[in-house]
Structures are given as structure tokens and as C-alpha cells.
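Structure, as C-alpha cells:
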Amino acid sequence: MNADLLQAIQANLLSPALLFFVLGVVATLVKSDLKFPEPLYITLTIYLLTAIGLKGGAALSEAGLAQVWLPTLAGIALGVLIPLWTYAALRFVGRLPAVDAAAICAHYGSVSAVTFIAATNFLKQIGQPFEDYATAFLAVMESPAIIVGVLLGKLALRRDGDAAPLGGVIKGALHEALFGRSVVLLVGALLVGILSGKKGLEATAGFFVSPFQGVLALFLLEMGMVAAKRFADLKRVGPFLLVFGIVAPVLNGVVGVLIGQAVGLSLGGATLFGTLAASASYIAAPAAMRLSLPEANPTLYLTAALGITFPFNITLGLPLYFAVARWAFGGTAP
Amino acid sequence: MNADLLQAIQANLLSPALLFFVLGVVATLVKSDLKFPEPLYITLTIYLLTAIGLKGGAALSEAGLAQVWLPTLAGIALGVLIPLWTYAALRFVGRLPAVDAAAICAHYGSVSAVTFIAATNFLKQIGQPFEDYATAFLAVMESPAIIVGVLLGKLALRRDGDAAPLGGVIKGALHEALFGRSVVLLVGALLVGILSGKKGLEATAGFFVSPFQGVLALFLLEMGMVAAKRFADLKRVGPFLLVFGIVAPVLNGVVGVLIGQAVGLSLGGATLFGTLAASASYIAAPAAMRLSLPEANPTLYLTAALGITFPFNITLGLPLYFAVARWAFGGTAP
Amino acid sequence: MNADLLQAIQANLLSPALLFFVLGVVATLVKSDLKFPEPLYITLTIYLLTAIGLKGGAALSEAGLAQVWLPTLAGIALGVLIPLWTYAALRFVGRLPAVDAAAICAHYGSVSAVTFIAATNFLKQIGQPFEDYATAFLAVMESPAIIVGVLLGKLALRRDGDAAPLGGVIKGALHEALFGRSVVLLVGALLVGILSGKKGLEATAGFFVSPFQGVLALFLLEMGMVAAKRFADLKRVGPFLLVFGIVAPVLNGVVGVLIGQAVGLSLGGATLFGTLAASASYIAAPAAMRLSLPEANPTLYLTAALGITFPFNITLGLPLYFAVARWAFGGTAP
Amino acid sequence: MTKHPMTLVTIVCEKLAREAVTKLLREVGAHGWTLWEVEGSGAQGNRTGDIPEFTNIQVEVIVPPGVAETLLTRLEKEFFKRYAMVAYESDIRVIRREKF
Amino acid sequence: MTKHPMTLVTIVCEKLAREAVTKLLREVGAHGWTLWEVEGSGAQGNRTGDIPEFTNIQVEVIVPPGVAETLLTRLEKEFFKRYAMVAYESDIRVIRREKF
Amino acid sequence: MTKHPMTLVTIVCEKLAREAVTKLLREVGAHGWTLWEVEGSGAQGNRTGDIPEFTNIQVEVIVPPGVAETLLTRLEKEFFKRYAMVAYESDIRVIRREKF
């Protein structure tokens, strides 16, 4: 680790957003009665998703399809492939039951919008430009892995003699993957941004743009509390998953950065692409698993995605993926 | 329909606010699990009403009473008259039961604050100036029609042999009409704006002014979902009400524009006045009806006001009333 | 009372924040159905506390410890001493039961963040500069009085033969005093502000700074309703507490202003210091009393702190403490 | 510890009937009530709890059996036709009989 | 006023089971249901109600005794292993028997 | 399907008593509980649910009859004087006896 990386880590950790995250963790560990009401959590989620969707859509309307289609396809491909190798690792190295491996791999192939937003926040913090339309990659990478994971899980259950017809389950999973609330908000806001363009974004910038970073900080305070409540389960998931929760994002992140570079993204864009690959879904994927794969143990996937990978990514992961990108783009070695 | 109207319709439909409304409709139709928590809905309502009240009040404190009293009186008169002819139409053309006709006519005589706000948003979008104190008309037009409607309904019930003393009911309806939450918020914020003036508005502009259009966009996302949930009832209300839900606002809107012009408002102001006449209440009026006229069938008035007239007004109605105003003010023919 | 004081009172009462407070009082008195959902109340509290914490912390990181330690110590000392003399007055002049006196004195020794924020708002309104790091005094003055009050109450109960071991109760009270939600938010945000500095504040100013005064106005609308609901209990608390609810803050306020001046604060800073001394906690203290001193009658302390002292302070108290400070600093006599 | 039989009356109805219902509770002599917002589905469609106009409330009130009788009779006569509503009673046991 | 015995089935379960539970209610023939969000603690840990993924719902449904039997049997067979859940029945009395 | 009788204890109390109540539940040996926020009115005035200090919670806990006895006795002795509170028990039937 060189000085650059350390500096990037410091810049990240000293941003209000990250400090509020730490505050949330501490508040939970000291058993404070601080608690965000659920409607506030939902409101902040709605705000963050529509805001990045709108900004991304306006950027897309300027950039045009020619620049976007290749990385978009690469994002979808990653969403299908990451679950496959992740499943193999969980099943054959970690020796987890097939249905649990399937559920977990869906989380790691899918993406975390908050991690992505924290990454854009980090890049802004250090003055590194990036493609504003990267939100489009976030939008397309949420669902494919969920469908792959459900398929893997159902096939495993079939081998175990569960005779439930696949059709209905797949239909349900598809519906959830396409019309779940985070997908609808993100894709919908992207379309609104594309159609209303720069003018529309400017008219609503006083709400969707100026307060954005502050809202993120408040949201990370809540996420710190949510993540820290998962810490109690860390000892229940076994040593393999603890290691997996850090190694998987790092490997996926490096692969993501390199692919991002290969499909023509800038240094900042490749960092975001790596972050998407590294991030693990903790909203859409758990909901889809409870719906379509309720046989899988939620403690395992929630603890890994929310208790390990999410905190790792937003604290150390982001500067790391940035350092990898700098190295790949011919800057300093990581 | 000429090119101007088409262009105005397009400008309206491509604003973020309207696009989010459509997104809400689509989310409901595809059965997404997207849902705004009720506290968020209430919060957005409180914000929008206080914000327009404050702005309107500050504008009033600049404009002075001399400019405002005549259109204000005209607004109250419209609030009393629209229910009368609407009642006649519903009762004698539509052949609805008297108590239902009374409840519905109260909705169409009263006003929808969100429709009004969407109209100011539309005028801003196309660069058309308007009187900022128009909020005062919104404030005075909410209650009169509700009282007229309750009276008509109670008289009808009396004829049918309901011996309940009128006094108490009228007192209840008056209290609701004067101190219902939307009236209190709007009239209260108007007074705050008048008393604290331009200086007060400036001090709080970072909250009540800059984010306003963005908040409206978010709120219309929710309103799209709320309105679309009413679509299922469209087939239960009969063909007359479907037609009424579009013809009544158009007629009221045209009358409103012309009266707005007659009492001295600008082109933009007359458009807003027409919008108020055209709009149907879906918050204050239903609440008042459940309280004071529970015998009326809520499916009828809610579906008409919320499922037909509201979506019609904010999509096609606004550009239409603007075109009528342009024509009345000697611009192009509608 | 001279013209200056009257003018200050007027400037205060005509600010949107105060007018909205009055609107809230009126809405409750006319029995309007206006009501803020609890999640909105909690959200506004979280926002206000983190925003002033962050601003105060950023100011602290600029000012350095040298300027702050003395008034901070003075604040803690006041937090310990005010409960002592207040207890004596309640017990021996007011003849209240010991446990009630203990609970009430904890409220008056502790502080009200909203009163403090209203004071900064008032100073901004009249263009009077003040130390931005004054939030630090607010943070340290919340807990000491609560601990003193619980101790006094427990000792009284012991004399009455309650054999419960003191240790556990004190531990509980300490935990609540140090890790209660308002302390965690305020101290936490102060630390975030110190660590992320001016740069961090600037990055999030679109959320934590620009909308602040408007959010306060909305919050005071709610506080007007909350306070007015306590008015019904005014006749149940007896004449002594009515007088106490106004005399205690005035005396504490004057003492606070003078001490603030003595420890080197500016005119604005001394006004804030006086406001802190004058203010009575109505969030942290009641919660702590229900937890650690449930034998005390909540009607007494809630009505005094919330129904009398809070409205008095934000309407007449603020201009009064300012006039005292002006006089102390050699301006006009109060 | 002696426990005393009481009747718990539960009312689920549209939120807009709230004033009318609490007024009725006072009239029949209930000493208190508990109330919260719920979603529901019934003969009058889904009440999805997204906006106040389409939300339900659930009211629970502990009363002596005689009061429950009066309460349910009046609900049936005056409320069932007008409002989306369900009401039922069940048997409970309390400690402080004089409180209810 | 005649009152008719009915069975109230109460289900407390994780919010993510909502669709599955309401689907089951329709299948066994319930005419309506009432539902709200709750926090809870049980064999599967604390469900603190801070984010939707960790919230519970409580569902109450009034049904004739026979339907309650079917409902509980299916809950036991199909739901108890998969979801954090508690279910129980109790006796109530209603006025409009035909409504349930 | 065999169903086993259990006791449902319901506690309605001010929100600020929450910690004290859940601690008591653990002490008497309850295996779980369910809790949500409610408004209410009673001997100690209206609790309007607008700010946390004036809100109530309703706690429901399923326990064997013996535990219910202990719980209610301790509530009466330690809580009734100190907090705005109502508590009662009712009879229910569950399937998994061992769970409670």
C-alpha cells in the first residue's frame, strides 16, 4: 500500500458521509436509543434512487446511446457471470448448502445502489471526474444476478426432490427483478431524466442535486446502525463467510475495474464499474430471496452482504478500487 | 387543435413532474411493490401547502388588497355556483341519487391544490408570468362548495325522511371547511407570508422555494400511484360519470378563464383561475363528505375526482386552459 | 421596557419561524385535524440536531480548543448548579414533593435544543453575529442536570424508605445521559464537523445549511401544536408552577448572559449562553425521568417545560436575553 | 391475584370515521380506548394505507359486558351501513375492575 | 341482538412474507383481512422495524371455525419452516355472520 | 391438528416504559414478543401519538398460563402505579406448544 492509497482512504474516511456511517455504527454498539423511523428510511431510499436516476438520465440524453451500449452490455454480462463463479466458490470451497450458496451468489452478482452513490461521492471528494450516465450500469446490473441465483437455487431444490414447478417461481422472480421498487424507481427516473433532459434536471436541481450529498450523509448514519445490528450475527456465519465477504468484493472489484477500462470508460468510470462489481445487494436481493427462495437461510446472506461487504466497500473498498484503476490507467502501482 | 396547443401539451408532458406522474401510474399498473409510506405523503402535502401559502402571502404583502379583492370575490362566487349547475347536471342528466350528486358537486366546486401547483409549474416551464398571489384564490375556493354540497345533500336526505337536525351537521361541516388541515395550512401560511413579507420568504427560501419543483415531482410520482389505484373502479361508476369527469372540468375551466380575465387577471393568472375552476378536490371534499354526508357513495366521487379529472387536468387540461386564455387574450385561436 | 426591546420582540415575532409556531398553537386551539405524523417529528429533530452539530463542529475546527474550553466548563458548571437552586425553590417555596422537585429541576438545568436554535435564528434575523461553535455548549449542558436531578430524586425516595440500590439506577441514568438519542446526534455531529471541517460542511451545505431556517419554521409549526396540547393541563399544575415557569427562565437567563460575558463570549454568544441557561429540556429530560424516576408526576414537569417555559422563551425570552446582553455589554439599558 | 372478566370490543373501520367512533365511545361510557392505523381488505375493496383517505384504523376498547352490548347495538344501527367497518367482541380478564 | 361465534386467526410474520400470506388467505376463502407493521422478538432474533427487510407484520383475519382450521393447517405445513412466524386462533363474537 | 391453549397477555402503556416492560418480559421467561405504536386515551389523559414522549405502545406476548400469572402480578406490583398502563389476558390456541 503506497501513500496515494492511504491518502485516498483518508479522504474517504474524513468525508461527512463516512463519518456519519461510523457514528451510526458507534450509536448501535453503545446501545443508544437513536433510531430512524422506517418511513424516513424509505423516504431517503426513494430520494437517493430518483436523484441519481434523474441525473444519470439527463447525462444519457446528452451522451447518446453510442457511448453507452458497450459498457451496459458488459455490466449485464458481469451480472450473469459473477454469480456463477461465486456459487462455485461457496459450494465447493465453502461447502455451503446449495440453496444458501445460490442465495448468496445472487447478492454478490447484484449491486448496492448506496455503495455506488458513496463511490460517486468519494470521486467528487477527491476531484476525480466520471461519466454521469454510469447510473445506467447500476440500473441494468441489479436484476440479472437475482434471476441466475433463483435458477441455481431452484435447480438445487429439484435435485433434492422438491417437485414444485419451475415456471411459476421463475415468473415471480422475473416480476420482482423487473418491477421491484428499486428497479422501478431507478429505471423510471432514468427515463424521466432522458425525456426531460438537462432542462428538466435544472428545474428540479434545488431538490435533486444541491441537497444530495447531505442526504447521503444522513442516510449513511442510518446505514451504520443497520449494518452494526448485523455484527451480532458475525459469529454465527462461520469463518469462511467472513473471509468471503472481503475477498469476493476485492476480486470482483479488480475484475470490474479492468473490464470497465476495456470497454472504454474513464478512470473514474472504471472505478465506478469496479465498485458495482464489488458491491453486494442488500435490498433487492434479500427481498427476492424471501419471495422466491425462502428455503435459504437469511442470516447468511444478510450478514455477509450487509454486515461485512457493505462496510468494507464504503470504507476501504472504494479507495482500493480507485487505486487499482489508477494503476491500470498507468498511474501509480496500487 | 393547433400547433401551439400541441407544443404546450408537449412542454407539459415532458416536465419531470408530469413524467414522474406517469411513472407512478405505470408502477401501479405493472403491480410494482413501490409504495410511499403514509407519513411521507402527509409530509409532502404539508410542505407543498405551506410553501405556496408562504410565497402567496409574501406576494400579497407586496401587491396590496386593492388588486386582490375582486378576483377573490369572484373565486368565492364560482365556488358557490359551480356546485349548483354541476348538481343539476348530475341529478337530471346523469340521474344520480340526490345525495351522490350533492357529494360529487362539492368536489367539483372545491379545488385541488396539487392541480393548481402543477399549473404554476407548467407556466414556469413555458416562461409565462402569473400573479404569485393567486394562492389566495386557491385558499378561498376550497370551502364554499363543500358547504353548498353538504347543504344540498342534507336537504335531499330530509326529503327522503331523515329527521336528523340540520344545525349540528352544518356546524360540523363549517368547522371542517374552516379548520380542516388543508385550509389551516394554506390560510395560515398565507398569513405568515403576509406578516413576515419578502424578508421572511427570503430567509426561508432555501427550504420553501429552491427545492419546490423537485418536491412536486416526487409528490406527483405518489399521486400517479394513488390515481392509478382508482382506475380499477372506472368500470363501476357508469359511462355518465366517465364523460362528466372530463366535460365538467373543461366547461368549468373555460368559464374560469373568462371570469379570470374579466376581473383583471393577466394571461397567466386567468389560466390559474381557470385551472382552479376546473379542478376537483380529492382531499378536503372526500374527508368532509365522509364526515357530514356518509350516506353518499365514496366510490363515485373519489373515482371521478381522482381517477378521471385529476389525471386529465394535469396532463391535457393545463395546456388546454392556457390555450383558451391565449385565445381570450387575443393570441391564437385554441 | 424601552423601544429597543420592543423592536427586538417585534423582529422575533414576525419571523416565519415564530409565526408558524403561533399558527400551530392556533390550529390546536381551534381543534383543527392538522397533525404531523410522528416520523416527521423525529425526522425534523434528527435534521436540526445533526445540522447544528455539523456547523458547530466545523466552527470548532476553525476556532480551536483555546477559545472554547472556558465557556464549556462554565456551561457544565451551570448545568450542575441550576438544578440545585431550582430544587430548593421548588421544594421550600413551592412546597412540591421532593421527587417532583427533583424531576422539574433536572428539566430546567438541562437545555432545549430548539430554543437554542430559535435563538440563533433570532440573532440572524436581527443581524447580530455570534460564535458558531456555541453548539458545543448546548451539547455539554444537556446531561449534567439530568444526573443531578435523578440523584436528588433517588436520595429523596431513599429517605422515604425506597430501598432500591442506587448503583443500577445511576448507571441507567448515566447511560441515558451520555447515549440518549439527542446527545448522540449532537455530540456525534459535532465530532463529524470537527473531523471533516469546513470542506465537509461546504460539500453538504445544500442540505445542512441552506434549507435550515425553513425547516426550523416547519418544526415550530409542530412545536406550536405540541405545546398548545399542554395548555389544558395548565390549571392542573397550580399557581406556583405557572409563576415558576416564567420566573425561573428569566433569572437563569440573566445569570447565563452575565456568565457568558464573564467567560469571554461576544454579545451574541452571551445571548445564546443566557438562552441555554433559561431553556428547559422537554425531550431528553422527560425521557430520562420516566426511565430513572418514574415516581415523579410527568404532568408537572411537561406542563412547566413545554407548556409555559418553551413558549415564553421563544417569543419574549429571546429578545429579553438579548436586551440584557446589550445592557451588560454597555449598550442600552434593558 | 383475582382477575375480573371484561369485554374487549374491536372495531376496524375507515380512518375518516374516527371522530364519529370516538364520540360514540364516549357516549356509551368507555373510560378509554386504544387506536392505531391499519391496512385492510374487505367487502368495500382494498384499503391500502397510502393516503389518509384510504387508510383504516383499528380501535380496541375494554368495557364491562353491558357496555359492549350497547356499543355493538349502536354500531350496527348507526355505523354499519355508512362506513367500511368490522366490529366484534371477545372475552378478556383484567386486574383492576374499577378502571373500566 | 344475536351474536355469532367466529374465529380470529392472528399471524405475526416477517414483512417479506406478506404476498405469500395474503395469497393464502384468499385461497382458503377469507372475505377480508386487516394488517399492520409491528416489531418483534422471537426464536429468529429481534426484528427491529427499522428497515422493511427487518420488519414484521401482524395480520388478523375473521373466519368461520372451519376455515380457521384449514388456514392453520396450511400455515403449519407450508410456512412455519420457511418464515419467521407465529400464528394462533381465538374465539370472538360478531353480529353479521354472513359477512365472514 | 392438535391445538394447545396458551395465554395472550396484552399491555398498552406509554412508550417511555418500553425498556422496563421488555426487560420484565425477559425476566418472567417469555420467548418472544410483538410490539407496535398506538394512540390512546385513558385515566391519564389523551396520548396523541404525535411525539415519542406522548405515544403509547401495545405489547402482545404469548405465554403459558403460569407465566401470564407471574407477569400480571409483577405488572400490578411494579408498574401500575408508575406508568400510564392497561394490561389484560385472554385465551388463545397455538399449534407449536414448545415455542412459547
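Order as written gives the chain letters A, B, C, D, E and F; numbering starts at 1 within each chain.
Here is the rule we go by: a contact is a pair of C-beta atoms (placed from the backbone, for glycine too) under 8 Å apart; a residue touches a chain by one contact, two chains touch by 3 or more.
All values reported here derive from a predicted model rather than from experimental measurement.
Peer 1: Give me the chains shared as neighbours by subunit B and subunit E.
Peer 2: Of all the chains present, those in contact with both subunit B and subunit E are A, D.
Peer 1: Counting C-beta pairs in contact, which comes out ahead: B-C or A-E?
Peer 2: Looking at contacts between chains, B-C has the larger number.
Peer 1: Approximately how many whole Å separate the CA-defined centres of subunit A and subunit C?
Peer 2: Distance between chain centres, rounded to whole Å: 42 Å.
Peer 1: What is the distance in Å between the mean C-alpha positions of subunit D and subunit F?
Peer 2: From the centre of subunit D to the centre of subunit F is 19 Å.
Peer 1: Measuring from the mean C-alpha position of subunit B to the mean C-alpha position of subunit D, what distance in angstrom results?
Peer 2: Whole-Å distance between the two chain centres: 34.
Peer 1: Subunit F: which residues touch two or more other chains?
Peer 2: In subunit F, 36-37, 90-91 touch at least two other chains.
Peer 1: Do you know which subunit A residues sit against two or more other chains?
Peer 2: As it turns out, subunit A has residues touching two or more other chains at 35-39, 42-43, 210-211.
Peer 1: Using the touch rule from the top of the page, what pairs of chains touch, sorted by label?
Peer 2: The set of touching chain pairs is A-B, A-C, A-E, B-C, B-D, C-F, D-E, D-F, E-F.
Peer 1: Can you tell me which positions in subunit B touch subunit C when the two form their complex?
Peer 2: Answer in residue numbers: 37-39, 42-43, 46-47, 50, 54, 175-176, 179-181, 184-185, 188-189, 191-192, 195-196, 200-201, 203-208, 210-211.
Peer 1: Which bits of subunit E are touching subunit F when the two form their complex?
Peer 2: It comes out as residues 10, 12, 36-43, 56, 58, 69, 72-73, 75-76, 80, 86-91.
Peer 1: Give the list of subunit D residues in touch with subunit F in this complex.
Peer 2: Where subunit D meets subunit F, its residues are 1, 3, 6, 8, 22, 31-36, 62, 90-96, 99.
Peer 1: Give every residue of subunit D touching subunit B within the complex, in rising order.
Peer 2: Answer in residue numbers: 14, 16-17, 19-20, 37, 45-46, 48-55, 82-83.
Peer 1: Would you pull the subunit C residues touching subunit F in the complex into a rising list?
Peer 2: 35-36, 38, 41-42, 222, 225-226, 229, 233, 282-283, 286-287, 290-291, 294-295, 299, 302
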